[in-house]
Amino acid sequence: MWRKDQVRYGMVIDVDKCTGCGACSVACMSENNVGVLHDETDKIKSITWLRVYQIDNGKPFPDTEVAFFPRPCMHCQGGESGTPGQGFFQEDTDPDAAHTPCVSVCPATATDYDDATGIVSQIPTRCIGCRYCVAACPYHARYFNWYDVPWPKGTPRALSPFVSPRMRGVVEKCTFCYPRLQQAKNKTFLDGSEVGEMDYQTACTEACPSGAITFGQLQDPGHKVHKLIKTDHAFRMLEKLGTNPKVYYTSKRKWVRMLADNHLSQAKAAKAAASGGH
Amino acid sequence: MRRWLDDLPKYADDSSWWPTGTTRCRPEVFLLWLGLPLTIMAYFTVSALLVLVLGLNQTNMNDYFAFGVWIVVDLAVIALGAGAFFTSFLNYIVGKTELKPIVNAAVLIGFICYTGAILMLGIDIGQPLRGWFGFWHANVHSMLTEVMFCITTYAIVLCIEILPTVLDNRRIGKVPEFGTFSHNLHTIMIVFAAAGTFLSFFHQGSLGGMFGVLYARPFAFRGHLGIWPMTFFLFIMSAIAAGPSFTTMCVMITEKITGKRLTTHKVKMLMGKISGWLLLVYMVAKSADTLYWAHFNLPAAGVTFDSMFHQPYGIWLMWLELGVCGWLPALMLLTPRVRESYGLMFVAMLLTCIGVTLNRFIFTIQTLALPVLPFEKFYAYLPTWQEWGIASLVLGHGLLIFMLAYRYLPLFPQEPELNQQ
Amino acid sequence: MDWDRRTFVKFAVGAVIGVHASPLIPKLMDDSTIWTQNWSWVPNPEGGGVAYARTVSPQTGTGVLAKIVNSRVAGERAIRVEGDPDHPLSQGGVVPADASALQLLYNEEIRVTSPMLRNRKTGEVMRITWSEALDQLAGNLSELAKSGKAHQSLALAPDPSDVTGRILSRLMHSLGSPNTAYTPTPRETMALAGVFMMGQPFLGFDLANANYVVSFGTPLLEGFGAPVAVRQAYAKWRGYPKNPGTLVQIEPRASVTAGQADEWLPCKAGSEGALALAMCRIMLEEGIYDKSIESAYGFDDMKGFAGFKSMLMKDYDRNKIAKMAGIPLAKLIKITLAFAKAERAVAVCGPGNSGDPGRMYDFMAVLALNAFKGNLGKPGGVLTQQPLPLKALAGDIADPQQPPLAGGERPFNVNNVNAMAKAALAKKPYGIKTLILCGGNFVFNGPQANVMHELARKTPFVVAITPYLDESAAVADLVLPSTHWLEGWGDSTTPYGSPVSSYGVHRPLVKAVPQARDAGDILLAVAQRLGGKVAEALPFKSTEEALAKRSEDLGDFEELAEAGSWVQKKAIYGPPKFNTPSGKLELFSMILHDLCVKQAGSADVLENMLAYLGVEGGAKTAFLPHWQKPAAWGDLKGNKLLMQAVPSLRTTWGGDAITPYMVKILPDTMLAEQDKLVVEMNPITAKALHLNDGDLVQVESEEGSLTAKLSVYAGAAPGMVFVPVGLGHEAFGFQVAGKGMNFNNAAGVTSDPMSGMPIWELTGVTVKKARG
Amino acid sequence: MATHQQAKKQRSRADWLLLILGVVLGSAFGFWITPTILYAEKPQPFQFDHKIHLEQVDDGCKSCHTFREDGSFTGIPDIESCKECHSADEALGEDPAEKEFMKYLQADQPIPWLVYSRQPDCVFFSHAAHSENAGFECSRCHGDHGQSTSLRPYEYNRITGYSRDIWGKGPIGLSGPPHRMKMDDCAKCHRENGVNGACFVCHK
C-alpha cells in the first residue's frame, strides 16, 4: 500500500504523438544490453522490452487509419484502482487485495513489487526459468531467454556496465531503467540532494524524438505525468482486468482508446484475434 | 567360457524372485519386452541431453506458449496418478478394505506418475541447476511454490508407501532386518496415507490454482473461495475422479497383456463406481463453474465467451471435454450394467482419463493461445520431436518400473488365488 | 573382528552420512548454481567513470551524445549513443539508426580491419600494409594520368558538401577527371527549384511554427530531412485538448505519416504536383491567395510566353485534376480552403517514399503554392537559410578537359550517378578503368544497385574506401578501412528541409578499429603520393586540418569540434531576397530559360532540346512550375502495377546499413519468416491478380526482381505494390545479412526531364506468384 | 550357542562403531576436500603495502579509493592515480614489487589487480550509500585490509570464478562481514536497519 513517503513511478505515452519510429525500442535495447538473435522475425521468441505495436482501425482503403502502441512493462500493482478520496487514486488501498499478476506467481521470488517506488523488478540470476510469470502477464511484457545471445566479435565492448547481461534460460523485462535510479541515487548520497524529475528518466523517454513518452512520479503534483493522467484522453491498457498498471496512454482517437481497453464487441474481438496486429 | 554360456539359463533364472504363488514369462521374453521402455528411454535421453545442453530453444515453446506439452503431460499424469492417494485414503483411512487388492498397484502408478512429472519439470525450467531456489527462496504466495513443495514431499511419501511392497519381495523379505522393517512400515502406513492424502489434496488443488489465479488471463481466471480459486477445487475433484479409473485401466491392460486375472472384477467395479460418483459430482461443479465463468468472469474482464475460442482450439474442445469425456463416462460408470461389462467399463474409464487430460490441455494451451492484448495475434503450438521425447519419459519409465514391479513384487495379492490352475 | 560384507556396508553407509554432514554437497550444489549466474560466455562489462561527448551523426544530421565509459582495465569505450538535449535541432531525440550505431562500430566481423587486396581471379584476399595500399591506389591513378586517361576514372562519395566529398572532388579534378558523383539528394532538387524561382538555393520549411501543413507525397515522419527535428515539429502540432496544428498528407498509402495525419488524401501516385497546382487554381478562383503573387514575374502572360495564371486556367481545372488524382473534389476543396485560411500554413515537398531527390517541377509547383499562400519568409512558411559560412578548401581548379561521362549535354551541371554508370558501361562517350567507391555503399544503395554492381564487376580496378565489409567492399580489388563517424574526423551540412542551416563536426571519440583511417586522410595521402598539381590542390596533412581550414569562419576549431555543431542562431523572417534577374519571385524562371537557350544555342533549337531532355509540353510550360506525367505511368500496360518504396526509420535510405537492433524491431509487415521481404498490396488488387495474403510473390521490373511475401493491406492504394527499402544486405554479419531483398535491385531509375537528377519514385512492375 | 550369540552381539557392536567411524571419517573427508577441490590461488601481480601508503596520505582510504562526481566509486585506483605520487622516471627501491610496479608505470598500463571483494556482475553496490550516507567505516566490510602490509594470495572458486572472500574462509560459511560478503549478509543488515530490501535496491 502506498504511503506518503513512497513514490510511484509511472509513464504516460501519447499515442497521437508516437510515429512508430522505434527509437524508444532501440534506445531501450542499447541501454539494457539486449541481444540480437539469428532470427528476429520470430517475434514470440524475440526479446523487445519495449515493443511498438502497429494497430489499425480495420477499415478499407481509403479510410484506413494506423496508430502505434509502445508497450513497456506496465509495472502493475494489481487490485482495484482507488479513488482520489482514498489517498492515492491509482493504487489499491488494500495491500492484501493487490497482487501484481507476475510477482505473485513467481515461485523463487525472482521478481518483486517495490513498495518504495512501485517498480516491478526482475532478477535474472534468481530466476529459475519456469516462465509462470510469462504466462501470467497479459501484456506479453515478459520475455524468456530461449537462446544464448550470440554477441558478434567486438560488440560486447558496447555493453553497458550498469545492466547485467542475461544468460539463457531466464526471464527478463522492462525495469523502468532502474539502474538509472541507482545511479541518480548514488549522486544524492554524495551531495545530499534529492532525485528530481529530470534526474531519473528512462532511456525510451529520453530517446523519443517526438516527446511522446513522459516519465515521472504519478503521485507528485509537481511532475508532468501527474497532470497528464488526469486528462480525459488518458487510459490504460486492459483496464478491466484489474492489473492496475502504471503506464498510461493518451489519445484523442476514440477507436484507439476503445481498442486498447478491451471494449470489444464480439465481432471485433474475433476479427482482432484472427487478423492480428501488424 | 562354454560352461558359463551353458549355465546362462541358470543364472538368468529369476523365478526365485517372483512373487509367491505366481508365474511369469521366461527371462528372454521379458528382456524383449524391456526393449520397448528402454527404446523410449533412449529417445528421452537424447532429447533431454539436447535440451539441457542447448537450451529450451530445442522446443517450440515461446513467449506466448510459455508452457507446452510437458506441462500438459505433467498435469495429466499427476491427475491420473491421483488414484494412489485416493485409493490409499479410502483403504487406510476410510477403511474401505475391499480396495486392498488394488492399492499396491495404485500406489505404484502414483509413484511412476510423480517421479516422471518431477523429472520433466526439472528439464522444463530454463535453469535446472537453480531448481532448488523454489524451496530455498520460496515465494509463499505462488501456487507453483505450493506445487513444488507438495509434489516433492508427496513423491517421498510415495517412495515410503511403496517400500513395503518392495521389501515384501520374496528374496528381500527373507533378510530379517528388512522383514521387520517392512512389517513396522505396514503398521504405520496409515500415517503416510494421511500425509499423502493431505499433500496430494493440496497440490492437486494448487495445480488448478496455478491457472485460476491468473487474473489477467481471462480464459483461466476463476472466482475465489477463501484464498483458493474455483479451479483449485475442480482440479482436486477431477483428479480423484480420474485417478481410480486410471489405476483400474492400468490393471485391466496388464491383465490383457499377461493373460492373468489380477484382481476380482468386484474390486474393479467398486473402483469404477467410486470414479463414476466422483466424476458426476465433478461434472456438476465443472458445468456450474463454466456457466458462471461465461456469464460473470468473462464479461467482467471485458471479453466475451465467443472470443475465447479460435481454431484449432475451437469450442469443439469444450464440448468434447464436458460432454463426450465428462458427462457421458460419468453416467456410464454409474450404470451397473456398464460396470459389469469389462469392455464398456474400460471405455468409460478411458473416456474419463481422456477428459481429465483434455481439461489439463485446455487450461494450459488454450489459456496461453488466447491473445489478451486486443491487437495481438493468435498463435497455435505444436511440440518438436525433442519435446515429445521428453514427454514420453513418463511412458518409458512408467512401463519399465511397472514391468519390473509386476514381475518381482507382490503387487496383486489376489493374483495367486485367481490364477490357480 | 570380522571384516565381512555387513561390516563394510555399515562403514560405507556411515561414510556417506558423514560426507553429507560436511559442507561438500550443499556447497557443490550452491556453487554449480552460482556458476549458472556467471557463465563465461555471458559478457561481463567492466564498470568505470562515465563521460558524455557531443557530436553530430553525419548519417542523419542528429546532434548526439556518445556515452563513454572509462574502465580501469578495458579503457575507453562508447556504450550508448543518445540524443543531445542541447542541440538546437534535435533536443535530445534520437533515431534508431544513431541509437544503435555502436552495433556497426564495434562489430569486428563486419568492419574492415586492415587494408586488403583481392585477387579477382581466385577471390583470395590478402592483408597489406597501409603504405602498400596507398602505393597501389596512387600508382594506378598516376599511371592513368600519365597515359592521358585520367578522365577514365570515376569516383563516388555520399555527400558533395562534406569535407570528404570536397577532398575527393578536388583530387579527381586536379588529376584530370571530371567524373565525380554523389548520392543524389533532394537538397539538390530544392536548390535548383529555389534558384530558378527565387535565386535562393537554400530553402527550408518552418514546420515547427506552422499550424497547417500539407505534405505532397513526402514521408515527413519516415525519414524526411532531419528526422528528429521534423518529429519535434510534429509534436508541436499535437496537444491537449485540441491539436494546435493540422497535418495533411497526400500520398497513395496509409503510411506512418498518413496514419498520424489529421487528413489523408490518398492520391494516385505521382499526381502530387498536379494537386498543388490545382490548389493554386482553386485559391485563384476563390480569391483567397496572397495578392502580392500577382506582381511575381510570369504570373501574367508575357511576350511570347503564356503566364502562370493562364497555364493554371488552361490545364489545372479542379474537377479534372481531382478526377485524375483519384480523390474526392470536396476533400480537395476543403483542404485548399483550410490551407488558404490557416494562419501559418505551409506546403511541403521533398524526397519521395523511395528516397529519390524528387521531381523538380513538383518542387516548383509546391513553391508556387507556398507563394500563393504568401508564406515566403514568414513564420511557419518557406524560409531561406543563412548559407553555411564555410570556406573553400583552396583555390579553384581548372575544369578537366574531357567532358564528364554523362550530363554534358544538359543546360546545367547535374549529379547523376546512375547516368554516369550507365554511360561508362556503354562506353559512351568512354569507358572507365578505375572506380573509387569512397563510402556510401553504392553497390547496395544504387540507386540502381544492379547497374552499380555490374559497373564494379566490369571496371578493371575498383577501390572501396569504407568502414565496413559491405557490398562495395565485396566487389573491390583494393579495400581501405575508413573510420566510423565515432572514430574519426568528418563533417555534415544542413539536412534537407531545415529552416535554419546547420553544420556538424564529428571527431575521434573512441577507437574500435585501430587501423582505420579517415576517408579524407586516405585521399590526402594519395594526393601526396601523386604529387604535382594534385598535391598542390590539397595542401593538407589531415582531414582535421582541412576541416579547420573549412570552418575558419565558425570560430575556434577546437571549440567547434567539442561542441560538435554550429547552428544558425535565428531563422530568417521577413520578405526574402530574390536573387533573380527580375529581382522578384519568378513564376516564369528567366534563369532556367536563359540556361536552356544558351545550351540550345538558339531559340529555334530550344524545342528540340527540350524534347530531347523529355520535357513534355515544350517551351510553353518548361520554365513555369507545372506538372509532368511521371515516366513510370507510361509503363502501365497490361497488368502492370506501380511499385513504390516504403521508407521507415526502422530501415535506412542509403548511407549506413540497417543495424541489428533495427532488424530486430522490424514489424512482420516488412520482414517475416526469418529472411523474407514483405510487400504490401491492396486486397482488391491482390484478388484481381489471384494472390492471397501470405503468398510468395515475384515482383519484376525491367531492372531486376524481388521475391517477397505478400501482405494484403487495406491501407495500400489499389494498383500498386509497396516494397520496404533498405533491406536485403548480403553483408553486415548474421544479424543483418540475407534478411529480405534490396528494393534498389528492382527500382527503375530514370532522369528527371529538366533537372537531370536520377529519380526512382515509381517503377512499373509485374507481380505474380513465385514458384516453390 | 551362547558364545555364538555373544560373538554375534559383539560383532554387531563393533559394526555400529564402524558406522560411527564412517560418519566421522566421511565428514572429516568432506570438510577437508571441500576447500581443496573448490578453491585455487592466483598471485597478485606484485606485493602492495596498504599500511605504508595509508601512513603517507591525509584522507585515509578515500585518498586513493575515491568517489567520482556522479557518486560512483572508483574502486581500485587506476595507474593515473598512482602517478600523482609516483613518477615513472624516478626509480623506487630495490624491492621486486617496486621494480614490477615501475614496469606498469613506465608502460602506462593498468595493473591487473585481483579484487578480493569483487561482487558478481548482477550486483549493484553503492559505496556512496554505505560510506557516505550511512557513515560506515571501510573496515566494517573490508576488515583490516587497509592496515595490511602485504597482499595475501587471491583465492577463487574454481566453479564459480568468484573470490573466496565472498563466501568466506569458514568451513560452512556462517560468518558475516568482514569475513563473508554474501547476499544474506547484505539482506540481514538491511533488515536490521529497516533499509528497503526490494530486489532492485542491490541488483542490476
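Order of writing sets the chain letters: A, B, C and D. Residues in each chain are counted from 1.
Here is the rule we go by: contacts are C-beta pairs under 8 Å (C-beta built on N, C-alpha and C of every residue); 3 or more make two chains touch, one makes a residue touch a chain.
These numbers were taken from a predicted model, which means no experiment stands behind them.
Most remote from chain C, judged by the distance between CA-atom centroids, is B. Chain closest to the overall centre, judged by the mean of its C-alpha atoms against the mean of all protein C-alpha atoms: A. Among the pairs C-D and A-C, the greater number of C-beta contacts is found at A-C.
Averaging Cα coordinates per chain places chain C and chain D 55 Å apart. One finds 33 Å separating the Cα centroids of chain A and chain C.
Computed centre separation for the pair chain A/chain B is 40 angstrom, with centres defined by C-alpha atoms. Within chain D, residues 70, 72, 120-122 each touch two or more of the remaining chains.
With touch defined as above, residues shared between interfaces to two or more other chains in chain B number as follows: 127, 130, 133.
Multi-chain contact residues of chain C (touching two or more other chains) are listed as 32, 35-37, 44-45, 47.
Pairs of chains in mutual contact: A-B, A-C, A-D, B-C, C-D. Residue ranges of chain C in contact with chain D, taken from their complex: 1-2, 6-7, 10-25, 27-28, 31-32, 34-35, 37-38, 40, 44-45, 47, 49-50, 72-73. Touching chain A in their complex are the following residues of chain B: 55-57, 61-67, 124-127, 130-131, 133-134, 137-139, 141-145, 148, 210, 213-218, 300-304, 306-307, 310, 367-368, 370-379.
In the complex of the two chains, the chain A residues touching chain C come out as 14, 16-17, 19-23, 25-27, 29-31, 33-34, 36-43, 46, 48, 51-52, 54, 56, 58-62, 64-68, 125, 148-162, 165-167, 169, 203, 206-212, 231, 233, 250, 252, 278. Listing the residues of chain A that touch chain B in their complex gives 42, 44-45, 53, 55, 69, 71, 76, 78, 99, 101, 104-110, 126-132, 134-140, 142-148, 167-171, 237-238, 240-243, 259-264, 266, 269-270, 272-274, 276-277. Against chain A, the residues of chain C that register as touching in their complex are 36-37, 39, 41-48, 69, 71, 74, 77-83, 85, 90, 92-96, 99-100, 102-103, 105-111, 221, 227-228, 231-232, 234-235, 238, 240-241, 243, 254, 256-260, 264, 266, 512, 648-650, 659-669, 671-676, 682-684, 713-718, 733-735.
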